[in-house]
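First chain written, first letter: the chains are A, B and C, and each begins at residue 1.
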Amino acid sequence: MRAQGEAIRDMVGSLLRRAKGRGPFRHGGLVALVILLAFNALVTPNFLQLQTLFVNVSQVATIAIVALGMTLVIATAGIDLSVGAVMALAGATAPLIFMSAFGQAYPVTGLVLAFVVPLIVAAACGLFNGLIVSVLGVQPIVATLILFISGRGLAQLLTNGNLQTFSNPAFSYLGAGKILGLPFQGWLALALAGSIFWLVNRTAFGRCILAIGGNERAAMLAGMPIRSVKIGVYMICAVLSGIAGLIVVAINSASDAARNGNLMELDAIAAAVVGGALLQGGRAPVFGALVGAVIIQLVRYTLLANGVEDEVALIAKALIIVLAVYVQQARKE
Amino acid sequence: MTTRGPFDLDLRHMVRGDTQMIGVWVALLALIVFGLLRYDNFGSSYNIFSFLNYNSMFIVISIGMALVIMTGGIDLSVGSVAAFTSVCAAYLSPYGIEIALPGGMAAGAAIGGVNAFCIIAMRIPPFIATLATMLGAKGGALVISGAQTVSVDWSSNFTVFGMGKAFDLVPWTILVTLLVALVAWAILEHTLLGRTILAIGGGEEASALMGLGVTRAKTFVYLFSGACAGLAGVILASGYGAGQPLEGLGWELSAIASVVVGGTLLTGGLGSIPATVAGALLLGLVFNILNFENGKGTISLSAYWQLVIRGAFLFLVILLQSQFRSRPNAPR
Amino acid sequence: MTPLLEMTAIDKAFSGVSALVQSRLEVRPGEVHALIGQNGAGKSTLIKILTGAYRRDGGSVIFDGAPVNFSSPRQSQDAGIATIYQELNLVPLRTVTENVMLGYEPRRWGGFIDWRRAHRRTREILDGFGVNVDVRAPLERCSTAIQQLVAIARAVSINARLVIMDEPTSSLDDREVDVLFGVIDRLRRNGVSVLYVSHFLDELFRISDRVTIMRDGRTVGCRPIAETSKLELIADMLGRDAEEIRSAGMTGFGGVHAASGERLLAVEGAATLNRLKDFSMDLRRGEIVGLGGLLGSGRTEAAKALFGVDRLTAGSITLKGARVSWMSPRQAISAGLGFLTEDRKSEGIIPDLSLRENLTLAMLPKISRRGRIRHDEERRLVERFIRELDIKAAHMDQPVRELSGGNQQKVLLARWLALEPELLILDEPTRGVDVGAKAEIQRIIRDHVEQDISVLLISSEFEELVEGADRIFLLHDGRTTSTLRNPGVTEDMLIGAVAHNANEASVQDGQ
């Protein structure tokens, strides 16, 4: 069985190696993206229209933003399952604030707080994850499982499980606004990607992230602050998830704690991995995560637009994840 | 030295003298006593049976999950697999439970086989491999059901399994759950396969050097976990009269929580089936008691507390486990 | 007497690098056969070929009169070869019985394990060893010595004809060693052969019948232990002439005290949980102090204690007159220390990062302002070190894993030199690099000492210590045993001192 597995891997590996040259999966991801775009341009009706772009950008932004955070966490050889729950929690908090008596009385302050408080809540969730991972030394999967379960419950408690609808144009700009004809959140995702890219490649913090994921023991012996960097990474991931949660709420002009960010952890992990992040850590392809998010979204769109049901898209997503990790594995060996 | 037979159900032996495993039994006992004293109908056979009937699915899944976790792996696909097999079982229901039960379990085991192949032959981390099959099984369930609940054939004996009682005495589901627990326990405690499972979690390389059948044991646990999830799906379809492609969300986490609460180390190598069952019962009982409390009107906790409490429980256990595990070695 | 095991002309190479060349090994029935050699001499490789963990490239293995070719540990076990690896291949969370019986446990009807018989049999075996433990308890509750014996009990329970022990005593205390030797003796009386790998020479004389010596992947000798001496064995292991060592060892330790700067570091009676028992030394500014001793003497452990990796359980470290107790390498670094680790791969490089990023890893705080790395400065610095240390790479952004071993080592050296530390600890700085790079690295170290860096040099190469160090502290069994002062120290003197340490475990400080 193993020999057969190796044979398959060698085959796939060499095919991909030939296809991608020096740059790792990032380029493989780009190739996949081009193929998807070409396929759609040929097959999908009305694909090459502004409306299509518009729909996809507004959909992909949340995945991309969360995938950025997930990429950082994965770069330290961690994983964060709680992103969807944090989205729900942040998303539930915002309307509570600007719809409260205080928020009605002071609309401007209320609006500012409606952005700030949810992100503080999200950061606190990240701190919690980071502390369990770095101080208690619990595996990240398990550590973030806690908030994965109870975070959404807390969000539902906050809202009594009700769908909170609201009408607040200023807040909704986050999800419905446009700059140069493209959704605001698309620009936001790009700006965040730029910042994260800068963080990874231009700061000591970013260097620490890569070093920890690349060889934690060597990083420790080189005097790096392992604990605080890990905590920081989980906090960044949580804040980014919080932003994504706010966007979803703003798009819908409603907060639904049960559905906001549901299964987002899967999309984010898939996007990060397809974008070239190594589960063993040590690599943070920031723009790869964007490409990965676009691919995940495009696959879903392609299937939907061609009359394939959403459920089959799930299977396609599963295959993409397995293939991406498999190829990584092949390259590592 | 006392001697004992192989099937002596000696509590001390079952919990293997580990404090955390004793903890779950004590907590379970305390909650039961509390419930009996506080609520009139708590000890009624209706409450007991409906409680066990409802929780049987989670217990079965937790047992499969426990074996996987003992090897140091994880199976995130169980919830989706249960949804998938509930649909399969619903389609098979006209042929009666004799066909639908093995059919559903086989469907589950097949997905478990996919997991095993990805993990062992393709060497994909268990977390990712089972995440993928989780998506795949969910997609499969939705596809074959057309995203609708599939009603079962009420004229066959299929629903008797989920709703009826054996010999008019004990619900079939409870009986079957007990059987699964017994089989898993016997395998774990009394066969080389079971010991290998635990040894792998304690050190995969050491186990291979000892000459144990590591690949075989790992294949087995994923197949078994898949079959358990399949059984849960059959119970689901049979108990609610329909295949439910949308069910199973978050079941894997309940199962993981039960396993962990039952004192099984998430890193593998240590654990017991009875304690896992106790863990699942404990988590279920917390909600049962919350329901009673709501019924009394003293508090009004919404169902959402379930999730929060479940998470808090997990946190507590992880806290205890990390204390427990870090003691033998100096920090860092 | 026909030998139980005969390995002849074994060849093995790993990706083109020879690990074993025509090596041989012969073990007779019922003998305790020792296998010794320096690090990298090929002992482990030879054993792994025997047990089927590796496949040999050439040569033959005859076990019990028949040629064998094991392809897995299980096969060799079934043939009667049990191995007790250095990192015990046991499962600590499981019970003693399971660890002894697993895979070979008594069954009863239906394939169920008969625990009662399993426990009884385990207890019988361990009782036979004179060990009384609860066989139902998890193994991790037992001491290392007991775990060791459990591993042996496993070998006995599967009726092994040959038991291989890899450094079985490295973590045992004296009393535990006695128990172990009692058990080995019992095995021998029962006709079981023992292949015993150790670098503690005293033990060999106590327990073994014959000894095979390996060096650089070759078998260089096989002698009856009664007809040899420690000096001869050391000479064989090191490839020297025994007479030279003997005469050098008897000349005593003289020499003039060289360095005269202020005292930078003083260590008094330091001990850690990591095999360091009583380590003392001192070091002056501008001095190169060597730490020597055989493998397992506690050299690396001493460095880890100094660098804040392992915490002290006793003793003290004084830096520039102030007592220090570091909780992490981070603190040691900010106090002016650097530590080039022995294991380049697992504790040094970060393979996927570039040469540049690896080089500046420890000095990020120095080249960044408010968290932002000043890239111009970084590049300037890296360029300077590439030039000064003559690091060969396509460009500074090349992943460090693509560099040769020698160049990786230079990058790591530069990582610490760039920090301009006051004290640089170098653990085997030239291991695994080619001859050219080795000379260069030694030159770089010398140059920087002249620029007022003090060095603590750990090396298992006597030549390197003798030529490089002003003073050499010798360690044995986690304790400082003696000091040699340059000039005047010769390689043979050093070897003699090490041999004497091994002989007496306590040699007086030179005059």
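The rule we apply is simple: contacts are C-beta pairs under 8 Å (C-beta built on N, C-alpha and C of every residue); 3 or more make two chains touch, one makes a residue touch a chain.
Keep in mind it's a predicted model, so treat the numbers as computed, not measured.
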item: Pair of chains with maximal C-beta contact number; value: A-B
item: Chain whose mean Cα position lies farthest from subunit B; value: C
item: Whole-Å gap separating subunit A and subunit B, where each centre is the average of the chain's CA atoms; value: 30
item: For subunit B paired with subunit C, centre-to-centre distance based on mean C-alpha positions, whole Å; value: 46
item: Where subunit C touches two or more other chains at once, by residue number; value: 309
item: Subunit A: positions in contact with at least two other chains; value: none
item: Sites on subunit B at which at least two other chains make contact; value: none
item: In the complex with subunit A, residue positions of subunit B that touch it; value: 74, 117-118, 120-125, 127-129, 131-136, 138-143, 147, 215, 250, 253, 256-257, 260, 266-267, 302-312, 314-315, 318-319, 321-322, 326
item: Residue ranges of subunit A in contact with subunit C within the complex; value: 202-205, 207-208, 210-211, 214-215, 217-225, 282-283
item: Subunit B contact footprint on subunit A (complex, rising order); value: 1-2, 4-5, 8-9, 79, 132, 136-139, 141-143, 145-154, 156-157, 160-161, 266, 269, 273, 279, 309-315, 317-319, 321-322, 325-326, 329
item: Sites on subunit C touched by subunit B in the complex; value: 53, 72-74, 77-78, 83, 85, 88-94, 98, 102-103, 105, 108, 111-116, 137-138, 140, 154, 273, 309, 311
item: Sites on subunit B touched by subunit C in the complex; value: 3-6, 16-17, 186, 189-192, 195-196, 198-199, 201-203, 205-212, 265, 269-270, 328, 330, 332
